[in-house]
């Protein structure tokens, strides 16, 4: 009596996300970004969210659904990410003005620390030490420790209520495959989350169609699957040029 | 005369040793993947978990799901592999990067550098820079020698919040190649047509030649 | 009359709920994968990173590179996946095991149990038991009610070094099914033909019936 | 000018292992155990070794090369593993008497903690907190910390000089694939080690023959490859019955 993990559409898959939820959103510079789920969350309208992602969204056009849009929509209380502004002074992120005005809180975290804090949450590790950011403004007033002659910063796990991720392929029990740099944060966020929601680029396969040795993210940590329909209903389904 | 950005990239590449694993930051450093490496086997690592990528794709040949740290669509070289972000930064913190090449706003004689936060800004953009700076075997910095206003980007101490302390190995600018030496910068190479006097005039701390 | 080991396994399996992820320890618990689950979808996880395995292989059909935690060659069910040890224990510590079923030398009324070190031994065998005991949602223990010498294995407090403190949810023995209740064990079920008096006589602490 | 990672034989691959080295040895109950490399290390004869593995070897016959054999050979100063004795009192491990007599030191570590300490070493994480072993004899006198109301034990990374691992498949740059439960500790030990030596069951493939999405352990952390020859020269090369 395997539970059916397939959802009919994006709205149904995010319908129970409450105000105040902690949402992790995969993706790095496009690949692996769950645009359709972000758009559904904007329609759902849940408020006071904490959003965890590498960035709040880019400065580029045409704009795709991003955390900046949820911020503009008044849904976000806090973001945790490795960029709160673009590195290039001339690029202005939509998010930045809300942060500077104090409307939205932000915690800026080095990218590797962000990845490791998510990984720790998924691995039942409540805290760890890292060399990253020692001696910088980010470490001011925080706990450090010398181990074998080097100084390290204490960092805490980052648990997640809902992970939004995008995968190339899934089977019915939720085993996932990512294509190329689509992988990025997605497997970590699935591990860190109580509920993982996946937009899938290909038709969902029967259980066993992905060999056990070829699974990138195990179905054990995947709860909801939605097949991305063709555009314009499904966002960012452009044909990939390179062979799988 | 001075070095173009591509010439700066080429000059840095001359420092690469056969077999090195090289991480390239966003911006100027991404050009390095397009520089010919001769008979050296260099492996490029991108923070998003791409190991063994090559040049930027010719238009129309892109795999839209394959980008380097700067979001450019690149090719994979034979023997490439893909890992998730935690494994990618495990390799970084684990000391597997022989060098990371990054852009910066400022670099200091004491080996500090700053590339994540502008003066007066509330936030910033760290990305993977702090992880890379803390744990790569070497940190190479590429930057224009002066700001648009003509101020030196090579300083006795950074004025902006730093990315990491005391880690910079080499600095390439449009004027030359330098190594932080504590009190100043040791001159390792001059761009063609640039004089030592010009470098000294453009730099806010001693140049040791 | 009392339960055989297979009957003990079957009695525990009646407690499993549809959709559970179940980790089976070495020894007696491995029998559980052979018990029919009816219409319940149960996923078996082995500490060595095998998710979704099934029964022990018929002779001659083994994949020698596929074993459960007890080193038995098992089959994979459709939808199985394999991960490395760090990810396997990430799932364990991350609370993804709905239950772990383990053998033990002793189990105590306060929910402690002992299964890694014998009396007077210098070393022991922990395996994954401490990780599983600390982090699974439930800990079910399978053991003979008495030692070969007739001493109770259900005790007020463990005499051997414990594997984890206060974690045991259910205990199945040849005599019945029990839940630690602090001062004693609450009787949840009796093996056929076994009387409450027999259980009380065989047990070194109160049985609450 | 890619370096050639292929070695002609097992003896050449372990010829530089010095006395006092820290060796991690993969495998779990057979699958993924580098029997040929262990046998080569016994021939090499390096002494005062620290050996890290899940077990020191089983009590079963016929006996395969294991840490117990290196111990009997007088090569081992210390073992770090999750079993120093069998759980069944009637099974006597060859290793146990050397440990009980004090000839060899042992550090017994819960299996998940062992895996995580190796993972931490490979990930540049010097220490982390774990719930495992809290309240047991193993935590006596050691540092614990309460985080969000639960008590955790501090554990340190376990760096490795040489990892011995076994894989099903490799390409020339050292990208690896494991078959089924052969994976176990092997990827972690490769990450944790300065030098990773791999015995490979199939002919070593040209670079690129393993798709980038299908790599289990990246060549970046793999240094030496040796093709396992047919028996009796190569140990445990029995045909696998199940399909790949």
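Letters A, B, C and D name the chains as they come in the text, with residue numbers starting at 1 for each one.
Convention: a residue touches a chain if its C-beta (ideal position, glycine included) is under 8 Å from a C-beta of that chain, and two chains touch if they have at least 3 such contacts.
None of the values given here were measured: they were computed from a predicted structure.
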Which of B-D and A-B has more C-beta contact pairs: A-B
Chain whose mean Cα position lies farthest from chain B: C
Between chain A and chain B, centroid-to-centroid distance (C-alpha), Å: 28
Rounded Å distance between chain A and chain D, as computed from the means of their C-alpha atoms: 33
Geometric centre distance via CA averages, chain C-chain A, whole Å: 36
Overlap residues in chain D, where contacts from two or more other chains coincide: 116, 119, 123-125, 130-131, 178-180, 183, 212-213, 216
Contacts with 2+ other chains: residues of chain C: 76, 82-83, 86, 89, 92-93, 135
Touch relationships between chains, expressed as pairs: A-B, A-C, A-D, B-D, C-D
Partner chain C, residues of chain A touching it in the complex: 1-3, 119, 121-125, 171-173, 175, 191, 206-208, 210, 212-213, 215, 218-221
Residues of chain A defined as touching chain D within the complex: 116, 120, 123-131, 145, 147-148, 150, 152, 156, 177-180, 183, 212-214, 216
Contact footprint of chain D on chain B as seen in their complex: 18-19, 21, 39-41, 43, 45, 51-52, 76, 78-83, 86-87, 89-96, 135
Residues of chain B touching chain A in the complex: 26-27, 46-50, 60-67, 70-71, 76, 82-86, 88-89, 92-93, 103, 115-118, 121-131, 134-135, 161-166
List of chain D residues in touch with chain C within their complex: 28-32, 54, 58, 82-89, 96, 99-100, 106, 108-113, 115-116, 118-119, 130-138, 168, 178-188, 216, 238, 240-242
